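Labels for the chains are A, B and C, by order of writing; each one numbers its residues from 1.
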Amino acid sequence: MKTGPAANNVAVPPTKSGTPAATTGGATPAAAKNGRSRRAGALRRAAARIAALLASLLIALSMAFMLGRLSGDPTTTILGPMATAEQREALRHDLGLDRPLLVQYFDYLKGVLTGDLGQSLQFYQSNTSMIMDRLPFTLQLVAAGISLAVLVGVPLGVLAATREGTWWDRAASTVALLGQSVPVFWFGMMLVVLFAVNLGWLPAGQSGTLKHLVLPALTMSVYPMAQIARLTRASMSEALAEPYIDAAKARGITGRRVVWRHAFKNAMMPILTIVVLQTGILMSGAVAVEYVYSWPGLGQLALQAIQFRDFPLVQAIVVFGALVFVLLNLLVDVIHSIVDPRVR
Amino acid sequence: MFWLALPIAVVAVAVFVLPLTGLLPAAGQDLDATRRPPGFLSGGSWSHPLGTDKLGQDLLTQFIEAGRVTILIGLVGAIVAIGPGTLLGLLAGYFRGWVDRVISVLIDAQLALPFILVALAIIANRGSSLPVLFLVLALTGWAVCARVTRSATMVVRERQFVLGLRAAGASELRIVFRHILPNLGGTIVALGTLQVGTAILIESALSFLGLGVVPPMNSWGSLLAAGQDELSQAWWIAFFPGLAVTLLVLLVNLLGDALLTHHDPRKRRR
Amino acid sequence: MSDVVQKEVPGGDARHPRALNNTADNSANRHQDDSQDRGQGWRTPVLEVDHLVVEHRNRRTGELFRAVDQVSLRIGAGESVAVVGESGSGKTTLAMAATGLGARGEGDIRLLGHSLSAVGRKQLRRLRPEVQVVFQDPHGSLDPRQSVRSGLRELRSLQPERTSWIEDTDLLQRVRLEPSILDRYPHQLSGGQAQRVCIARALLMRPRLIVADEPTSGLDVSVQADVLALLKEIRANTGAALLMISHDLAVVRSVCDVVHVMYHGRVVESGPCETVFARPEHDYTRELLAAMPGARWRSRR
């Protein structure tokens, strides 16, 4: 799949040991180009990747724009049903809604570029500043959640991979799958019932202290934990099946050292990738968790906005989420190119 | 795989057949028996095996009723996502080139949007109804299906029989739909199974936030939502529907995983 | 099965001058040949490849890899030509490009006198059945979801006129398979059986050229000889030309008249089989010969 269709069909008969010219693999002299063309190729690849990401971002932004327009006439939301036609007209003019759609679209794109995500209908404030006000709370939640997910998920996955096919594997894999199957908000509610209502150990809502963070972070971590554990298991078991692991064992390197120093090092990349990408997805997972714990983050803000049909604010939060996601994707690519010597 | 399919079948039978038997407690309010705990807890009675809600309605009856809705939405929600997702993934993976580039950009764009917010916004605007719910499930599900189908297609299309067919003068469309697609059948079924789980989870999240199915219809998600306000007095109202969702989705996911490893074109060479 | 149609060996020498660099002087001859051949119908070369260059780009590194480098070759009607070389020498890429199934590359390829770069998609599809390919992995060459019978039925529906000459059972008999095999699926066939089905499918199309890409290396030693004999027999009976891709010189020797030795994407030596084998000129050819199983024993004899 890496070298185009025809190369895949190249028959690979066993190389004859007696043939001195038995250069196996793709590195034939004809292919040995100098480092500059290699670097140019990598650059080309990076440029293509960035272009594709930007194209995706543009489409995502356009979809978000349409989402913002879905509301039809926001004047009713703001002024109520009793407003006169003149009042509506004036408001529409103030909001810039009387201009051609295309002009509005380009204004919107320009705004996104300059960090201006429009005005909330509900709060009469700049969406950007409101998002920035709420962001720290969500970040706190996401950071705690993802750390917990990594701390539990990675060992769980390694455990399953190193004991593949055993009872341990099955148990760890099922726990991971369970994390992927449980409705996050319900899990949160049950934690509240158990730890806050019945046992009274931890607070059920609000934020502030570390104690307040425990339950929401735990709830938040469940889904990414499952994803991380499953991917860790998959890439670890793949890495453990590689011949170099056998070679390492043959050289007398044993047990934990093989697992962590050799296999895990090679399984790192996919794991790191999923951790970063899960962080991006958590922004949208925050909605349910923040709702359950009345956590004053972006998710709450989004829900409020939706409740009040404040579509410019909804749109702004969606745009913000998309930007974060694309940036994280870019980050993953950068990490890839630094860590993977083949790409560099 | 049989041991996974069996409990799923039991759930389906329970949910679809039990109401026909007349064994379930009658629906309807009973203001003398509100917030009764389930039969197996102290203070509960077996005339209401799962207890009653704040209006004294039997929870088991509601639970079974809602289960039917949940399962049907999961199935239809998976189909509407799998359909376009598979088609686009197939085209992207087979034709590559600009077709692939366009579809891949669409996939990435879809994945970049925080789907739950998009779903909520659409429903908030268009109102809660089943068609809108399915539209949302299709929108949030197609991209992942397309991505998986795309990579599976890229594996199958490198098989030599594709070249053989081309040499016999077969058209590209024939190769795609008569040969590649059937060979992806197992993968697609597995993908569809996993998507049922995802659809059920999304539906329950939307219903929980009050934007999924609306009364008088109930799903496990909306039962859960109703139980949220009662948590401190009657935790069981929310507990059982959530547990049911978890177990059902777990079973469906286990089955999907088993199917997927079974049909992975990379693991099976022929 | 008795009468051998025609075997075009004599022209071989002129067309495949034994030169390390068979490009320059060859192209001068070629044009003369062309004008003669076109007039005489069956003498039109089945396949002509002219200075073919095929490059692959490594997706990861963006590096260009030249799989086929300035290769020219030509196969006359009914001829049997081999391309030998180690894995990665570009022989399969050459075959795929030459048949219009793989990456096209630069340089001219003419199938039955039609230049591939000039024909449209429709014409290409009409031209394709003239060349049939038998691959190394017989199971990979059959759709796992299709029984032998429905596979043949599909080929017939694709090329109704071309395939009407023979019944399924007779076709299978030609490749020495029982009719009972018709209702089997690929995974129910042994490697040898599957390869025979592949050959039958190729035969059904009555091609002018059969490309056999390592047709025996995926098979048990015990059935390799049978499959080779079958290919030989089909060539004799149908007059189809054969392009054999192989790393196995013994196989090539038993089936082909003309051989091209490929090394790192280039043809380093060409000529009639016997000559090349008796007096190899290029070092690489000598190495290949030396690496042949039983080579020492044979040379002593």
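Here is the rule we use: contacts are C-beta pairs under 8 Å (C-beta built on N, C-alpha and C of every residue); 3 or more make two chains touch, one makes a residue touch a chain.
Just so it is clear, the model here is predicted, and its values are computed rather than measured.
The leading chain pair by number of C-beta pairs in contact is A-B. On a Cα centroid basis, the chain most remote from subunit B in this structure is C.
Averaged C-alpha coordinates give centres for subunit A and subunit C that are 50 Å from one another. Centre-to-centre separation of subunit A and subunit B, using mean CA positions: 22 Å. If you average the Cα atoms of subunit B and of subunit C, the two centres end up 51 Å apart. Under the contact definition stated at the top, the residues of subunit B that touch 2 or more other chains are 160, 163.
Multi-chain contact residues, meaning those touching two or more other chains, occur in subunit A at positions 1, 5, 9. Chain contacts: subunit C has residues 96, 102, 135 touching two or more partner chains.
On the subunit A side of its complex with subunit B, the touching residues are 1, 5, 8-9, 52-53, 55-60, 63-64, 67, 70-72, 174, 177-178, 180-187, 189-190, 192-193, 197, 283-285, 287-288, 291, 302-303, 306-307, 309, 311, 314, 317-318, 321-322, 325-326, 329.
The touching residues of subunit B, counted against subunit C in their complex, run 159-161, 163-171, 178-179, 182-183, 185, 269-270. Remark: subunit C residues 96, 99, 101-102, 125-126, 128-129, 131-133, 135, 137, 139-146, 154-155, 158-159, 186-187, 198, 201, 205 touch subunit B in the complex. Within the complex formed with subunit A, the residues of subunit B that make contact are 101, 104-106, 108-118, 120-122, 124-126, 154-155, 158, 160, 163, 197, 201, 204-205, 208-209, 211, 221, 224, 228, 231-232, 235, 238-239, 242, 245-247, 249-250, 252-254, 257.
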